[in-house]
Structures are given as structure tokens and as C-alpha cells.
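The next part holds the structures, each set out as C-alpha cells.
Two complexes come next, and they have one chain in common, chain A, joined by chain B in the first and chain C in the second.
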Partner chain A sequence: MRHTIAVWVQNEFGVLTRVANLFSGRGFNIESLCVAPTEDPEISRITMVTRGDDAVIDQIIKQLRRLLPVHRVEDMTGFAHVERELVLVKVRADDETRTEVTRLVEIFRCKIIDASHDTFVIEVTGDAGKIEAFLNLLKPMGIKEIARSGAVAMVRTAADPDL
Partner chain B sequence: MSPTRRKSSAHPLSGTTLPGSDIIVQVLADEGVDTVFGYSGGAILPTYDAIFRYNEQHRTANHADPMKLIVPANEQGAGFMAAGYARATGRVGVFLVTSGPGATNAVTPIRDCMADSIPVVMISGQVPTSAIGTDAFQEAPIFNIMSSCAKQVYMVTDPEQLEATVRTAFEIARTGRPGPVVIDVPKDVQNWEGPYDGKVMLDIGRYRKRIEHLKNRAVPVREGRRLLKAIQRAKRPLIYAGGGVVAAGASAELTRFAETFQVPVVTTLMGIGAIDTTHPLCLRMLGMHGTAYANYAVEDCDLLLAVGARFDDRVAGNAAEFAPNARFLAHIDIDEAEIGKVKTVDWHHVGDARTALDSLLALQKEEQIVSNDHAAWIRQVAKMREQYPMGYDRDSDAIQPQYVLEELNRLTKGEAIVSTGVGQHQMWAAQFLDFREPRLWLTSGSMGTMGFGLPAAIGAWFGRPDHIVVDVDGDGSIRMNLGELETATTYGVPVKILLLNNEGDGMVRQWQRLFFGNRFSGSDKSLHSKDFVLAAEADRFTFAQRVERKADVPKALQAWLDHDGPAFLDVRIDRDASVFPMVPPGKSYRDMITGDFIPSRTPVSETETEAADLF
Partner chain C sequence: MRHTIAVWVQNEFGVLTRVANLFSGRGFNIESLCVAPTEDPEISRITMVTRGDDAVIDQIIKQLRRLLPVHRVEDMTGFAHVERELVLVKVRADDETRTEVTRLVEIFRCKIIDASHDTFVIEVTGDAGKIEAFLNLLKPMGIKEIARSGAVAMVRTAADPDL
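On to the complex of A and B.
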């Protein structure tokens, strides 16, 4: 099952290695990973998406919690949460495709942030469903390059799944 | 004294400018380190020099070094010496190695300490900061390598953090679930000069808060009542005690708990000595090579209380069928990650075993929760002990290893420190030797590292030099760190090495006999032609003897044990001796094979077993 996990860690080198090791040591792939500082500059938030057996993921989360630089772990799976990802797509935008690409950008409320004679760079933000739908429609236009941020997520209610 | 509750008065050296290397050594001294095990090399030379100078300046009245430096043959030996020291004393073991190969040789003991929750601090030299990542001479990415193995790893890139890092490492190693901490120190950081503070620590406030909470966490009254009532109601309760009891120093509490509620105790390999093995309530070890009566008790019990144990695969190889009649499973552990990892339990408490058992005993006193009469169960267990005792071929002309250990036990009476290698001899020692106290039995339990025995014994002696220290070893195991024979003689460590020599890897052969159709791949003939007596003599052992006749065993053991100094006894045992009972890997206790000399209540055919996929 797909799990979206947030990990608050001490902002110091090597933490990412230790967190990732717990997954790689069991042969688990991390589908996406996003790390950046939080409101507290000493603490970084890691958001990762992984797939695996629920019991095993639960075990990994417990093992994450005992790592010294790990402050808090939340498995958002099963909790109402919002999830967003930012994607930059470089797509073919010549005479043949330019109009259609522009139309799609409007429909999906994305932004064209760079344009040349025959390409656009599009910025799209959304949940996994929207991104996938957009990229699928864009595909026939000729996608040249994709850069994805990986998902970031936040539990919607004030309820803390840790409690 | 808790390291977090330091006296507020300043350290005498506070404000003094010192090189990084001296700062390291000063923190070690402040932490009460009397022995450092280690091998030198380019990147750690400044710190070795600092120890030399420290000893010159602080020589004791009898000209001894206040911080002994013990040099092994290989860094793995240093790691296991530190581990042996820590296991025997409960204090943090320290070892000091150089960069690159020095540190990579130490990976095995670090992982071994992690797997058995042993507190050690390893300090490794690293190439200078400016050279890191350039494939410099003797460079290895120790931070990365050790990240997967240790409880915590530091690489000191900011010299201002050096003192705090070394001091904090000790607190992390010994608190909570103990474990190894690695500090990688680039050479330029050792040479840097800066002020010594005397008490500064890294900010580990969150960790400390969590650990202190666990340390002091009594079982909540309601939960305690629930457990005690369950024990009261149970007809056949059993305690399953592990290494966590030893780590928590909870042996007295465990014994008192067992006595108060009249509950028999089985222990894991790591839990041996948690309760006196000669105690009437102690059924000795459970699991793959546990006693038949311990395993039958696990089969029969209707309530099982695990304390500081983790349902490891050598205990619960078949988790679903482990303790099949237990209607109530309870688990006390300091590590939340162990709760429910293998078995779903009906009751659990995350916290220090000693505090937990203490609080349960207090609750019993307060509420006068009287134990149900477990007398019938105790009688049943006592009867099983008589009906299914440990046994071996006592009439054989060949020297049976169990016989040698029984004879050794007669002499040491469960009071000696005993370390082992890994394999058959380790299991026989666990089955046939007594341990009246915790911290006498030193064995590589989880990792199962061959070669552990000799260096661990040497390290243990430095921690408790007043004790008899015996290394019960196998010829395969001891060969892995045989270089440490010389370490014993060089430093005059009076370790008594008992080699149960069956010319090869006995446990491998046993598995091949049982599960691989007698195909002795890699073990079909003697693995080596070594004359161990000559080897010991080459390293200047003044006692090195071989025993080949059964009748000579008692006298030889006595002479070996009485010898003043390191002593080596090469006992040529029956090559085909097997370890029984044996629960095949992945099987339930019902499938326990007891062999020809231990009665079984449910005979099992050996040929049915197919365990090639299991480990």
C-alpha cells in the first residue's frame, strides 16, 4: 500500500542517510522524497512516499522514532490530509502543439513560466491525481523533460495522528 | 551518578587551551575510562600521543597507567575487547582505531554491539577534513558505513563540537536501550587547539527527556492490576526473560517477582544469568537449543510474560505457533519498536525493566494481590525437569563436550566469567554451565560472530581483573581472531582458554547432517591442520596442553584453571557430537528434536525436516 510519511528531523548532515537506510536496508524503494527546513530552522521536514506491507511500514516508523535526530514521525496514510507536488515540464510547443498545450495549461490552471520558439516550461502544482492526468494529456504533445519535487503533505484537521 | 546531573562547580581544566586529541582523552578520563582498546595508525596518532602524555602526567603511585592502552592484533579484536569489558561490567567500553581499514575492521563489533544492545564508544581517526572525499590514503566513509550499524554516529567536522560530542556519546551509549556510538574525528580536528569546558554536551534534550521518561516509567496502576490479575488467574504462567533484564540491572527484581508470584522463568541466550541458573524456578534457556523442559513449559504455559526479550527467530522461529496455549501474552521492553514486532500481545509496557518490575511488586504489596496457587504448575515443571533432563552419551569413550563442561562447572561453580565463540560449543556452554549472577555470560547472541570469545574474554578481564575469566571456544571460532592469543600473553591476561576442538565447523556439519543429506560441503574434512598447542606456545603461553583421553579431563582442567597466567587447553572432543535439543529453524516447539540422550514427550522423526530455505 502507498504510504505518505512525514518525518521531522534535526537539521544536520547524515540524518537523511539514517532515515533512508531504514527503508533501503529492507529493500524498500522510496518513491519520492522531499526535504526542507520548517518554521524552526533547526528542524527539517522530510516527506516521503513509499509502498509496502502495512505491518512492515509500521515497524519502520517505530524504528525511525528511536533514531536520535528524529523528532517526530507521522504516517498520514489513513488520515485526511492534503498532498501537493510541484512539477516542471518542458514540452514541445511548436506551431502544431502550441495551441493545445496552452489550452491544457488553462484547463489545469498551470503556469507557463518559460517559453521559446518551440518549447514551453510549465509549472504545475497539485495532488498525485491531477499531476498524472495532466502529464498523460501532455504526453502526445511531446514531453522533453520533467522535474518533480516529490510530494509534500499535511494532515487536514487539528487531530494529530501521533496522539 | 547520572552524567546529566553534573556538579555545577567548574572542571579544574575549564578554560585551558588543549589540542583536540587531549580534549578527547580528557573527556575519557572524566568519564572514568580506565582502559582503552585500540590499534594506532596515521589518522589517530595525535590521540594515541595524548594518551601517552596523559599517562605520564597522571601515573598512579605504583607506576601504573591510569588509562591503560591495550593493543590487539586486529581492530575487530579491539572492538570485542571493549564489548567484553562492557558486558562484564555494565560500563561503557571504549576503543580507538585509525581511519580506513582500522575503522572498517571495526564494523563487525559495532554491529554486534548494536544487535546485542551493548554500550561501547568507538573513536576513529579520519583523514584531514580537506582530504575527505578525495579517496585519500586510508580513507573510508565511516559515517555512512556505520550509520546502518550503530545507535548513533558522529563525524566531527566542527572542532568546537569535539568535546561535547565525545561526552554526549557516553550518555547515548549507556542510556535507554544501550548501544554503540561511533565518533569519527578528522586528524586536523585532533590537532586543533581550543578551550576545554569540562561539562559541555550536545543538545540531546529530546532524547534525554524520552529516555528519562522510560527509565522512570512505572507501570500505570490500572495496567499493573490487569497484568497481576491475569497472572493470578493463570494456571500455568511463565516468564520469558531476555538480555534487557541484564541491561537494566533488573535481576534482583526479576527473581523477586518470580518468587512472589511463583512463576517459573525461562531465559534467552542473552538473558542467561538474569536469574541464577540454579534457582529452583529457573528452567534455563528456551528456543532452538533450549532445554527440553524449558520448551515444554513454553508449549504448556497459559500466560507468558516477556521481559526485555524480543521473540527473536531463535526463540520464536514459528511465531504463529510460539506459546500456542498462552491465552495472555505480556511484554515489557524499553524499546517501543519491539512491541508487537513478532507477536501481537495482550498487554505491554514500554519502559525500563527494573522500574517496571519494581512498580508491579509495589502494587502487589499495596493491594495484596495474592498469587493464585501455582503449586500444581510448579510441580509439573519440576517433574518435566526430571523427566526430560539434559543428556548426552555419558558412556562414550570419546570425549563428549558436555562432559568437559560439566567438569568445568564443578570447578567454577557458576561464578566465573565465561565468553564463547559461536557454534556448537556456545550452545553446549549455554546448556551446561551455571551462572549465579548476570554479566558472567558473554556471548555474541544476535549477530553470532565467530571469533568473539577470545577478545571478549580479554576485555572482560580488564574490567573485572579479580574474576576468573574463561573463554570456551571452538576451533573454527577461535581461528578467526587467533592473533589475540598474543595479546593475552603480552599483557599478562590470565584468561583460561578451553578449546572444544572437533576439527571443523561442528554446527555447520550438524545442519548438513540434519537438513542437507550428509553432504558436507566445505566441511567434509578437517578444515585445518593447525596444532593449537604449538600456536599457543608460539605466543608464549606457559600452559598449553592437549587432552585426548576422557580420563585425563578432570585433572587437566584443574591444572589449567590453577595455572597462574594465560592457559590453553585443547580438548579433542567427539567430532560427531551434536547439540540437542534442537527446534529446526522455522518450526514450532512441537517439532523439537531431542536426539538419543534426551527423552522426548512427543517423538519427532528427523527425516521429515526440510529446512533448506530457513536460516
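On to the complex of A and C.
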């Protein structure tokens, strides 16, 4: 099953390695991971998406909670949550493709944030379904480069287990 | 100096640990890091932001290039590039703050993606300056939770060293 997990850790970089090791040590592949500061400068928040056996992931989460610089772990999988990803795509935009690319950008409410004589860089934000649909439609135009943030997620207030 | 570095690696999770170790082993703190798949399912792209002595970072980048599952390393610091971050913010939105929060969301062209009777979850995308300005204005309203992707970046086509 696909799990989206948030981990609040002390802002020391060795911590990311220790958290990552818990997963890779058991052969788990992480689909995406992002780590960035929170409102408390001493604490960083890791959001990661992984797939695997629920029981094993539960075990890893228990171990995570025992890692000293880990402040909190939240497996959002069982709770209603919002999930978004940011993607930058460099796509061919010459005389042949420019009109169609611009049309797709409008339909998906994306932004063109850079342009050269034959490329656009497009910024798109959305859930996994929207991102996948957009990239699939863009692919025939000629994608030159993609940079994805990976999923960022938050439990909906009404479903928050801590409230 | 602040460096934004993109690293293309084989999609095996142990690789992230090895890349991270190169930095933490030298006491470098990573401000943000994100890793997600690229258009080639076998290759993941890591984008990271770090600060430190330019000469030492150059050394680390040389070592990165020698790491076997690393396909390519790009230090964007010297090149014109676009940089964006995605942030989800849960903020207090009760009778006292709702109007002001909604006004800020309009000014900064953000999106409210979840609402309860006394909170909003806001999605905001932008460069570091916009994100910081928005969070600073939102802070007095009562921020309950923040989830940031960290910077995602791409070299502008006209400045691309590979073209």
C-alpha cells in the first residue's frame, strides 16, 4: 500500500541519513522525499511517500519514533489529507508545438515561468492525478527536463488525530 | 554562499544516503532537499540547497561525480535559473482572522485547498522571497502547521551549460 509519512526531526543533517537508512536497510524504495525547515528553525519536516507491506511500515514507524532526534511521526495513510506536488517542466515550444503547449497550460492552470525561442519552463502544482495527466499530454510535445518536488502533504483539520 | 545543486542518480534508495553523507560528513547543513522520479523511471533527481565555503562545495561536487550511481551533477549557482517552492500552511481562520487571511490569499494568488470551521489549508508556490513575505504576513494570524517542499530549480534554457 502507498503510505505518505511526515516526520519532524531535529534540524541536523545526519538525521536525514538515519531516517533514510531505516527504510533502505529493509529494502524499501522511497518514491519521493522532501525535507525543509518548519516554523521552528530547529525542526525540519520530512515528507515521504513509500510503498510496501503495511505491517513492515508500521514497524519502521515505531523505530522512527524511538530515534532520538525524531520529534513526531505521522502516517497520513489512514486519514483524510491534502497532497500536492510542484513540478517544473522544460518543454519544446517551437512553431510546431507552441500553440498546443499554451492551450494545455491554460486548461491545467499552470504558469509559464521562462521562455526561450524554442522552449518553455512550466510550473505546475497539483495532486498526483493532475500532475500525471498533464505530463502525459505534454510528453508528445517533447519534454526536455523535469524537476519534481515529490509529494507535500497535510492532514485535513477535521481528520487530524492530534486535535 | 548559497548553492542550489541538482543531482541525477540511479533510482535506488541507498543512493540518497550516500549523497547526503558526503555533505553531512563534512559538517555541511542542507537547508532543503527533495528527491523524486524523472521522465526516466530508473533515474531520480535530487535538488538541494546548501550554504558554505565555495571551494569545499566544489570538492564535494567532484566527489559526487565519482559516486557510481550518480549520473550528473549541476551546480546552478553560477547560472541563471528559476527556483520555486511549494508550501502548504494550516492557518487559523476564525471570525477574527478569516477576512484578512482571504485577502492575503488573493494578493499572493494562493489557493485555499481545505477549510474547517476555524482553519484554512493554503497552497502557495513561489520563489524564496514570495514565500518568506507571505509566511511573515500570515504569522500574526496564527500558523498551526507548515509543510514545505524545499526549492525545486531548473537552469534557464538560454543559460544552460549543456546546450
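Rule of thumb we're sticking to: the second predicted complex is superposed on the first by the 157 of 163 C-alpha atoms of A that agree within 3 Å, B and C clash if a C-alpha of one lies under 4 Å from a C-alpha of the other, contacts with A are read in each partner's own complex, and residues count from 1 in each chain.
One rule holds for everything that comes next: a contact is a pair of C-beta atoms (placed from the backbone, for glycine too) under 8 Å apart; a residue touches a chain by one contact, two chains touch by 3 or more.
For clarity, every value in this text was computed on a predicted model and none was experimentally measured.
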Determine, under the contact definition given at the top, whether A:Ala133 touches first (chain B), second (chain C), both, or neither.
-> neither
>> Applying the document's definition of touch, where does A:Ile112 land relative to chain B and chain C: first, second, both, or neither?
In response: neither
> Which holds for A:Pro37: it touches chain B only (first), chain C only (second), both, or neither?
Replying inline: second
Should A:Asn21 be classified as contacting the first partner (chain B), the second (chain C), both, or neither?
both
Of the two partner chains, chain B (first) and chain C (second), which one does A:Thr157 touch, if any: first, second, both, or neither?
second
Applying the document's definition of touch, where does A:Lys90 land relative to chain B and chain C: first, second, both, or neither?
second
### Task
Based on the superposed arrangement, let me know which partner A:His71 touches: chain B (first), chain C (second), both, or neither?
first
Going through chain A, the residues touched by chain B and also by chain C turn out to be 13-14, 17, 21
Residue positions on chain B within touch of chain A in the complex are 143-144, 147-148, 151-153, 155, 172, 177, 204, 206-207, 335-337, 341
Chain B partner, complex, touching residues on chain A are 13-14, 17-18, 21, 25, 59, 62-63, 65-66, 68, 71
Interface with chain A, chain C side, in the complex: residues 6, 11-14, 16-17, 20-21, 23-24, 28-39, 45, 47, 82, 84-88, 90, 113-114, 116, 118-119, 121, 123, 125, 143, 145-150, 152-154, 156-158
